[in-house]
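Okay, got some structures for you below.
The following pair of complexes shares a single chain, subunit A, combined with subunit B in the former and subunit C in the latter.
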Partner chain A sequence: MKYLPLCWPTRNGLPPLALVISFAVVFGALAWAAPIAEINPLRLIASVPRLLSFIGNILVMPDAQYFPELFRKMLETLEMAMLATSIALAISLPLGFLAAKNTSPHPAVFHFMRTLLSFMRALPELVWALVFVSAVGLGPLPGVMALAFVTVGFMGKFFAESIEVVDAKPIEGVEAHGAGWLQVRTFAYLPQAMPDFIGSTLYILEHNLRAAAILGLVGAGGVGYDMVMAMRLFDYDRILSIALGIYLIVALLDRLSSHFRSRVI
Partner chain B sequence: MKNLSATPPKKPFNSLPVWFSLWIALLWLIVFDLDISLQMLLYGLDDMAEYFSRYAEPDFSDLPRYLHLMMQTIATALWGTLIALVFAFLLAPFAARNLTPNKVTYRLAREVLNFLRALPDLLLALIFVAALGLGPLPGALALGVHTAGFLGKFFAESLERVDKGVIEAIQATGASRSQVVMYAGWPSILREAIGYTLYIVDRNVRMASVLGLVGAGGIGLALHDTLRFFKYGESAALIVVILTVILAFDYFSTWMRGKLT
Partner chain C sequence: MTSISLHNVTKQFGNGFHALRGVTADFTPGTLTAIIGPSGAGKSTMIRMINGLEFPTNGQVKVEDRVVNRSNLKEIRGDVGIIFQHYNLVSRLAVMTNTLTGRLKHRSWLGSMLYLFRKNDMDLAFQALDRVGLLDRAWDRADRLSGGQQQRVGIARALAQAPRILLADEPVASLDPVTSEEIMQILREICDRDGITVIVNLHQVDLARRFASRVIGLNAGKIVFDGHPDALDQSTLDRIYHNHTEKEIRNEIPAPMLADA
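Up next, the complex of A and B:
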């Protein structure tokens, strides 16, 4: 069975079998998961007053003296994301060529690279940040290392996938001119895959900015640390400004990157 | 006939080196500003090798507890995805240009989705933990709220690509707006929607494994504690458990998506 028989609405008016089975499986899994995840509607309703009082606590005049510090931290977060993305770009560009089926020197290299990349992207940044913080100490360095490490896994895979779908004719054309191994890759594969590369790099930059904003939770630099400290010390006048600052910078980058993406693709 | 010039055209100015060097300069400034000393990194390489060798012997003596925590993580991720799916199902038709009632609802739905997407899930978890107390429930809520933004955006973009003829055909039968959405919109993007949902499940399992750091249940807290008490064997075992489950989910969702398209 190559395709699941998904067709809706069906001829006899009953829902398709595949949909019924998948719904049964999904709801079975959810029902199994509910007690383990402590999903309890009563508790949810019971905690509405607490949520409201928390929101009331947050909605106070922001601490204006904290703004320069916040700006400094936001800049640090942005810098971490940019640095990590650049490092990951430099590493994953060659890896992408090795991990693409049509440019890899040998099938063994291809399979090895693909497995390596999926291992690199398997664990979330925060786990690597925890490990790197205990290896090199606090500060932005372990954060950048963790971000770069994980995003090499993602970017390498994205690059490899966009190299695999390039048109074969320009490659033959360049090869027919007697271009060498590296020349074919730089002048035939790279220009064709470039729009995809830029698109995925922008996506990764966005992802890294979001991730960099939370790495501070484990002491790996960025604005997350301030957020945790404000929560722990009940500095309610800071929480809202930090959250809004993160929202603003992420939304700004989102707009910028979708603008660039529409220009490139 | 057009007058052809005898000299070949001038080589166009290649601005790539300029941009490249500006970029390198910016990165150098960033390194300088972040106080990252490469020397420290280089000196630290030997220490790092020694440090990572401490993870070489995973200690699986507490495996049942880890498996239970991992199960809690998966359960959190599944419920988070369900919450996201419900939100996205309701919001996506409003955020699709061809199905939305008017411009105001379109912009409003898009802004809501952008807002949901903007705050990282761990920050949301932090807020929900402060508001609702410890446990996996705030974690599931945080995952749900954050990924609802992604899922809603993906669904809306797919809905915008639905063939105009299909929508017109349903409209011609006198269907109301909600009927158009239910019988022209969702059935046309069913495969894509399932694909995106699988991707979100995959992503949520990944994120749920670190939600424990802020007290939102799951395996992350155990990892944090073992690292804090320098029990590297147990940390290695926890990392192996997380890695195995995440890779299993990754393969399952890739396989399933391959079946769908």
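Up next, the complex of A and C:
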């Protein structure tokens, strides 16, 4: 075979050296790290029968008697997610402006805010829920607190990054007419970053719903407690009901959010 | 009294590029001046300095006897409106809101956080939109408008702040000839009727000839012509649009200029 009719768009038709090296490094690292994470294909194959029997167990009729209770728990979970997202939204909006390179009043503020935000999202919601449960006791309140806390860490970072990529020309246009510091941020940065803000917020709401669904694990409210109990008692009909309930709400939220987004953007 | 006065203004950018080299010019209130010259001659820099969007490396820019500096920026910008080549509108906001941003200087930060204005601001914005013929588009989003219409919103925004000086940085460079004509007509009318000092950067010599009462020719950061548009003959234009050879630049102009010339 002298030459193939296919070639890459480079000088010599070969893939770029940097690309080849990156691939080699990434695959090398993965192959080296797999045993550390106990990734073993043989074990996976050996477990197939057990996986199948579990799936067989779970394919049962959902527990209809449990539905009213499930509805209450799902409502609580949804409420926790919405409350936490709203609280985080109110806090993240100003923090986002302080944490964006182009709107922060001083580089020191920018670096401090970015460090603070990454600290807030460093640990998962479940860990913070444990902390807040021991602080304020059991129930949805510590759950909401933990969710809001971690969400600020994410949302603040997302907002800051959306602010950093806005077009500079309208900023100059508003600035050049004598608008003040805060006015430039409300009238030029905010409207331009708005589509990204909405997108991030809707995504985070969906994420928080899923997060709220497991917070019950540590007694921080929501449907999670029931799910853990059902797992422990091998109540497969109940597990299926809960899983379907979560799926339904997430799917509904997804539909609603894409409808809303297409109207606003 | 002079409206604007530039005294021996020099501007060197961080990358070493000399945009202006010792420019001196005075502008009488209520005149329309066109600045022409090749790309990179310093036209934009000269205009942007009057609004404090750039500051001179050396020399002074005075607006109504106040030296433009960082401390009086807001005050100066309240008197100086500016329109841009790319309109610089906030495209997601309504035409009306964009026009109202010209009034922000007179509003407090607290009310502005909630997008609140006064009735009086709305009236001024409506008047400004009426003058540029866009009353019927007031509640459309700015990005729904054509280029020429967006530039008229830019003019309305500048007018809403009731400026005494209006700067236009290549306002028609992205527009077709007919629309360009309309925009220049509006600027001329603003100058004549309101006695606003207008300075316009242009690439079209014929527009400068027809609409300006004074033309300044810039080349490589220096004023090479300053006079009545009638005095623009071919040899003058050759001088304004002269492309410096590398040898000339090496002899007359410090080397860093080559990088961006």
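We adopt the following convention: the second predicted complex is superposed on the first by the 232 of 265 C-alpha atoms of A that agree within 3 Å, B and C clash if a C-alpha of one lies under 4 Å from a C-alpha of the other, contacts with A are read in each partner's own complex, and residues count from 1 in each chain.
We take it that a contact is a pair of C-beta atoms (placed from the backbone, for glycine too) under 8 Å apart; a residue touches a chain by one contact, two chains touch by 3 or more.
Only a predicted model underlies this, so the values are computations on that prediction, with no experimental measurement involved.
J.: Between subunit B (first) and subunit C (second), which, if any, makes contact with A:15: first, second, both or neither?
T.: neither
J.: Between subunit B and subunit C, whom does A:180 touch in the aligned arrangement: first, second, both, or neither?
T.: The answer is second: A:180 touches subunit C but not subunit B.
J.: Just checking: does A:124 make contact with subunit B only, subunit C only, both, or neither of them? Give me first, second, both or neither.
T.: Only subunit B; A:124 stays clear of subunit C.
J.: Mind working out whether A:218 is in touch with subunit B, subunit C, both or neither, as first, second, both or neither?
T.: First partner only, subunit B.
J.: Based on the superposed arrangement, let me know which partner A:33 touches: subunit B (first), subunit C (second), both, or neither?
T.: After superposition on chain A, A:33 lies in contact with subunit B alone.
J.: Among the partners subunit B and subunit C, which is in contact with a greater number of residues of subunit A?
T.: Of subunit B and subunit C, the partner in contact with more residues of subunit A is B.
J.: With the two complexes superposed on chain A, say which partner A:94 touches: subunit B (first), subunit C (second), both, or neither.
T.: A:94 sits against neither subunit B nor subunit C.
J.: Could you say whether A:105 touches subunit B, subunit C, both of them, or neither, answering first, second, both or neither?
T.: Neither: A:105 stays clear of subunit B and subunit C.
J.: Name, in rising order, each residue of subunit A that touches subunit C in their complex.
T.: 169-170, 172-183, 186-188, 191-192, 194-195
J.: In the complex, go through subunit A and note every residue touching subunit B.
T.: By the definition above, subunit A touches subunit B via 2-4, 6, 8-9, 29-30, 32-34, 36-40, 43-44, 47, 50-51, 54-55, 75-76, 79-80, 82-83, 86, 118-119, 122-124, 126-127, 130-131, 134-136, 139-141, 144, 210-211, 213-214, 217-218, 221, 224, 227-228, 231, 239, 243, 246-247, 250-251, 254.
J.: Inside the complex, what are the residues of subunit B that reach subunit A?
T.: Counting only subunit B, the residues touching subunit A are 23, 26-27, 30-31, 33-36, 40-41, 44, 47-48, 51-52, 71-72, 74-76, 78-79, 82, 114-115, 117-120, 122-123, 126-127, 130-133, 135-137, 139-140, 183, 187, 190-191, 206-207, 209-210, 213-214, 217, 220, 223-224, 227, 239, 242-243, 246-247, 250, 259-260.
J.: Mind listing the subunit C positions that touch subunit A in their complex?
T.: Where subunit C meets subunit A, its residues are 51, 53, 74-75, 77-78, 81-82, 84, 86-93, 97, 101-102, 104-105, 107, 109, 112-113, 115, 154, 157-158, 161.
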